[in-house]
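Next, two complexes with chain A in common: one pairs it with chain B, the other with chain C.
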Partner chain A sequence: MRIINRKPSRVTALALGLLPFLATILVYAIASHYRRLDNPADKLLPSLESMGNAFWRMAAVPDRRSGDLLLWVDTADSLWRLGSGMAIATLLALTLGIAIGFIPHVRSALAPYIATFSLIPPITILPILFITFGLGEASKIALIVVGTAPVMVRSTAQAVLDIPREMIIKAETLGASVWQMITRLVLPQVLPKLLTALRLGLVPAWIFLISAEAIASTTGLGYRIFLVRRYLAMDVILPYVVWITLLAFLLDRLLLALSRRTFRWHHLGSDAL
Partner chain B sequence: MLKSIAKATLLAAALSLPLSMSATKAEEKTDFKVCWSIYVGWMPWGYLQDSGIMKKWADKYGIDVEIVQINDYVESINQYTAGEYDGCSMTNMDALSIPAGGGVDTTALIVGDYSNGNDGIILKDKTELADIKGQTVNLVELSVSHYLLARALDTVGLSERDLTVVNTSDADMIAAYATPDVTSVVTWNPLLSEIEAQPNATKVFDSSGIPGEIIDIMMVNTETLAANPDFGKALVGAWYEVMGLMASGDADALTEMAEASGTDLDGYNAQLATTKMFYTPADAVEFTKSSELPTTMKFVAEFLFDKGILGEGAPSPEFVGISFPDGSTYGDVNNVKLRFDPSFMEMAAQGSL
Partner chain C sequence: MTGAPKLSVRGLTKSYDGMPVLERVELDVDTGAFCTIVGASGCGKSTFLRILLSQEHPTRGTILLDGHPLPDEPMPDRGIVFQKYSVFSHLTVAENLILASEFEKAPLSGRLFGRARMSALEGIDDLLMKIGLCAAKDKYPAQLSGGMQQRLAIAQALIKKPSILLLDEPFGALDPGIRLDMHELLLGLWEELGMTIFMVTHDIHEAFKLGTRLLVFDKIRHDPQAPEAYGATITYDLPLNGQSGKSQNQPGDIADALRPPVLAQTTITQIR
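== the complex of A and B ==
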């Protein structure tokens, strides 16, 4: 049988999926072992055990100074920032995207502007965000919005444009108003694609969240990483990176599951990764 | 199957080999690398490389020394700690927390200067240090700024509990000061003078209030130095040749350093004015042997321990040992990782290099 026709069983698929992860851990453990042979206190590649201890200390032992459980405080604050930023970005994408995609005059006015705006690297205009929104939460959320919204607006507008012209003409023939067409025709077509845009937007959103927290902050996952980087505490940084990756993965899967439940018609076709 | 496991293990070992190469290879070698970052007291390192003075001294001892500038200060220390470099310029505090705390035995080869006003606390619309109570203070956490704040608060009977510290990147400090909700910052030059120049800003405390406590040093790997004394001799010899040029006011050398740090001769001289440079090896030796140094390092160790950054499982500030020129030690004598050793500077003072 040709290789393209041989499908792995469930167990094999799971094992194959785990293999690269296990290999990474193995390579790490070997490298860490040899470094620690030279210097038992090596900070660059700490042992898995000391990372576990550090993670436990962050998650379960109250901080000496503030009495907080640092991991959970950091996680809650970061997720709140990420959530607020993405909520605003999604709302903007929905309203502006439909307006741009559906109403030619709005498209002419805004499409070139947003296309240009989306190309500005957001980090470069940070000082302006600071002066406008202050150094608190607002500027961090603003950075996430500026970084993700323009692209999400564009992809939503494109989703509206991709609606077959025939369907719109049919709705018009049946006497639908613009508002009726938006609620009954455009939204069902666009919402699942908006969710996809949101899932893709989360990738840069995490990057902007971490950068924003690195710049001026008192809590947050990015804050902690940049703080302990000052003394090369990789035993704290690496578990935090794994934790962030896990959170991002779970969020992504959650949104996918939500999309599958809510917009069944959108997932009738092919496999999705 | 067994074969492929063996293969995979070999591959893993091969992949991890570059990572497991370590700093502490002490065999005889002739090529050395040291790193530095932009700071008023370290600009001579760049000049040493560009002017060929370093090469001259390295040739004299039959070795090769490369001086590399790294744009990010903390990253340069991390690179040194990871073993990429044989030496690196850093402060006494960061030397204790990063390489020494990370088990890399480190020697203070050249004590170059101490901050004598280069680090300071600025308040907006207030004029007394005591007014800082209850404010949010923007600074680079766990840096010398943080240490300066802790020492300053001691002088007016306050502690960090009386205020909120906000970690703020040095790159964004000036923009941060321009926002209304930022009322106090702790930072270093040239940012400090930039912020102080704004109309509502008052400098209420600076490092001249704790002279000799924020020290800028060329730190080198102890084992590398012990195995290759010529490395230390070449660095020290070259350094004091440039110090001689600076002390005599050599305009060419000073201008080159000024431009490399992004300012002009006047700006650079203004920064030198708040830096106590040790232009002669004798001054540096005297400072290193002074009885104040152990007291300073005790303050620093206690500060680092209090902030929880002296390494995991550090049971007390004495966890990492520090040895001083008179043979005395602070902290654990079985875990001495930071050594103040003036012997190379003494050779320069006696002119025997």
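== the complex of A and C ==
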């Protein structure tokens, strides 16, 4: 049988999926082992055990200075910033995206502006945000919004334009007003695609969050890894990176599950990733 | 039929970027007529249908509906069934059918709740029975076969009781057996409701079988150096003897008119 026609069973698929992860851990463990043979105090590739200890210390032992459990404080602060930023970006995508995609006059007025705005590298705006909003939460949230909203607005507007013209005309012949078409046709057709835009927007959102926290902050996951970088504390940095990745992965899966549950009709045809 | 025509087209011309697609179309259609429209690909028959729907607007000429100019946007007075995407993919069969009454009764939310919704759902039971979708009423269109989707589309288009029903190759994607079922359904609804129907089709046998009047769109002028220079118009306008299929005009007579123009090609051969 040709290899393209061979399908793995469920168990094989799971095992194959785990393989690269296990291989990475194994390669790391071997490399770390040999480095520490040369120098037991090596900081670059700490042992899995010392990383586990460091992670436990961050998660379960109160900080000596503040008395906080640092991992959870960092996680809560970062997720709050990420969540607020993405909530604002999603709201903008929904309102502006539908207006631009559905109403030609608004499209003429705003589409070129949003397209231009989306080309500004968001990080270049960060100093401006720090100057105008100060170093508090607002500037970090604003960076996430500036970095993700324009692209999400554009993809939502495109999703509206992709609604088959036939459906819109059919709604007109059924006597719908523009508002009714937005609530009963455009919104439900666009929401699953907005969730996809949100999932894709989370990738740059994490980048902007960590960047903003690294530059000016006193808490947060990004702040922590850039803080301990000064002491070459790889035993903290590496578990934090894994933790951030895990959070991003769980958020993505959560949104996918939400989409499957809420918009069953959208997933009836061919399924996407 | 007596009195003013239901629909009257005078001197209709439609051009895209200066290229005429339709020119000098003249037509009077009586109430209750079933006009089938055939023609070669790209002869503007679908454009004509879109103009009747007000999806597009004539470059020149006038169209009167019941003696008044045609509204300049799609309205409930003209129902439409497309070949694809006619029904709403995010709504179940039943929800597709109550949507029009939801639009009418709930101007702000466009949605009925509780008892009002229940009574709207009860109101479509007969319709579901008639189109044979009772068992499928809670399914989404993607879960239905092509024929079931088009039955739903026709039923949905008739909910607002339009006086004109426009059909753009509605059965083009269906199997022959399913098509026959659809013909029966459509003729039954037409006899019962008495609306005026315009139906674009590729299938000339279907056109002869269903229509009371057959309209053939074709170009009457050809410029071999500029094939796009002239638009199409109605070249044959045949009354048909009901649905018996015993018309004096046989499909073969019309077939010539449906062939794509070969004039340009012959000219080139002659020059050589």
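Convention: the second predicted complex is superposed on the first by the 273 of 273 C-alpha atoms of A that agree within 3 Å, B and C clash if a C-alpha of one lies under 4 Å from a C-alpha of the other, contacts with A are read in each partner's own complex, and residues count from 1 in each chain.
Here is the rule we go by: a contact is a pair of C-beta atoms (placed from the backbone, for glycine too) under 8 Å apart; a residue touches a chain by one contact, two chains touch by 3 or more.
Note that the structure is predicted; figures quoted are calculated from it, not measured.
Peer 1: With the two complexes overlaid on their shared chain, look at chain A and say whether chain B and chain C clash or fit.
Peer 2: Once chain A is superposed (C-alpha atoms), there is room for both chain B and chain C without a clash.
Peer 1: Between chain B (first) and chain C (second), which does A:Thr173 come into contact with in this model arrangement: first, second, both, or neither?
Peer 2: Only chain C is touched by A:Thr173; chain B is not.
Peer 1: I'd like to know which partner A:Asn5 touches here: chain B for first, chain C for second, both or neither.
Peer 2: Neither partner.
Peer 1: Considering only the touch criterion stated at the top, classify A:Asn53 as touching first (chain B), second (chain C), both, or neither.
Peer 2: First partner only, chain B.
Peer 1: Using the superposed model, measure off the angle between the directions from the CA centre of chain A to chain B and to chain C, in steps of 10°.
Peer 2: 150
Peer 1: Mind working out whether A:Phe130 is in touch with chain B, chain C, both or neither, as first, second, both or neither?
Peer 2: The answer is first: A:Phe130 touches chain B but not chain C.
Peer 1: Check the residue A:Phe263 against both partner chains and state whether it touches chain B (first), chain C (second), both, or neither.
Peer 2: second
Peer 1: If you tally the residues of chain A touched by each partner, is the higher count for chain B or for chain C?
Peer 2: Per-residue touch count on chain A favours B.
Peer 1: Give one of first, second, both or neither to describe whether A:Thr183 is in contact with chain B, with chain C, with both, or with none.
Peer 2: second
Peer 1: After the superposition, what is the least C-alpha distance between chain B and chain C in whole angstrom?
Peer 2: 45
Peer 1: Please give the residue numbers of chain A that touch chain B in the complex, ascending.
Peer 2: Going through chain A, the ones touching chain B are 23, 26-28, 30-35, 38-45, 50, 53-54, 57, 64-65, 126-127, 130-131, 134-136, 214-218, 223, 226-233, 235.
Peer 1: Using the touch rule from the top, collect the residues of chain B that touch chain A in their complex.
Peer 2: 8-9, 12-13, 15-17, 19-20, 22-24, 74, 77-78, 81-82, 97-98, 101-104, 138, 140-143, 164-169, 172, 175-176, 178-182, 307-309, 311-312
Peer 1: Quick check: in the complex, which residue numbers of chain A touch chain C?
Peer 2: Listed in rising order, the residues of chain A that touch chain C are 164-167, 169-177, 179-180, 183-185, 188-189, 263-266, 268-269.
Peer 1: If we count contacts the way the header does, which residues on chain C are in touch with chain A in the complex?
Peer 2: Residue list for chain C touching chain A: 53, 55, 73-76, 78-80, 82, 84-91, 99-100, 102-104, 107-111, 140, 142-143, 156-157, 159-160, 162.
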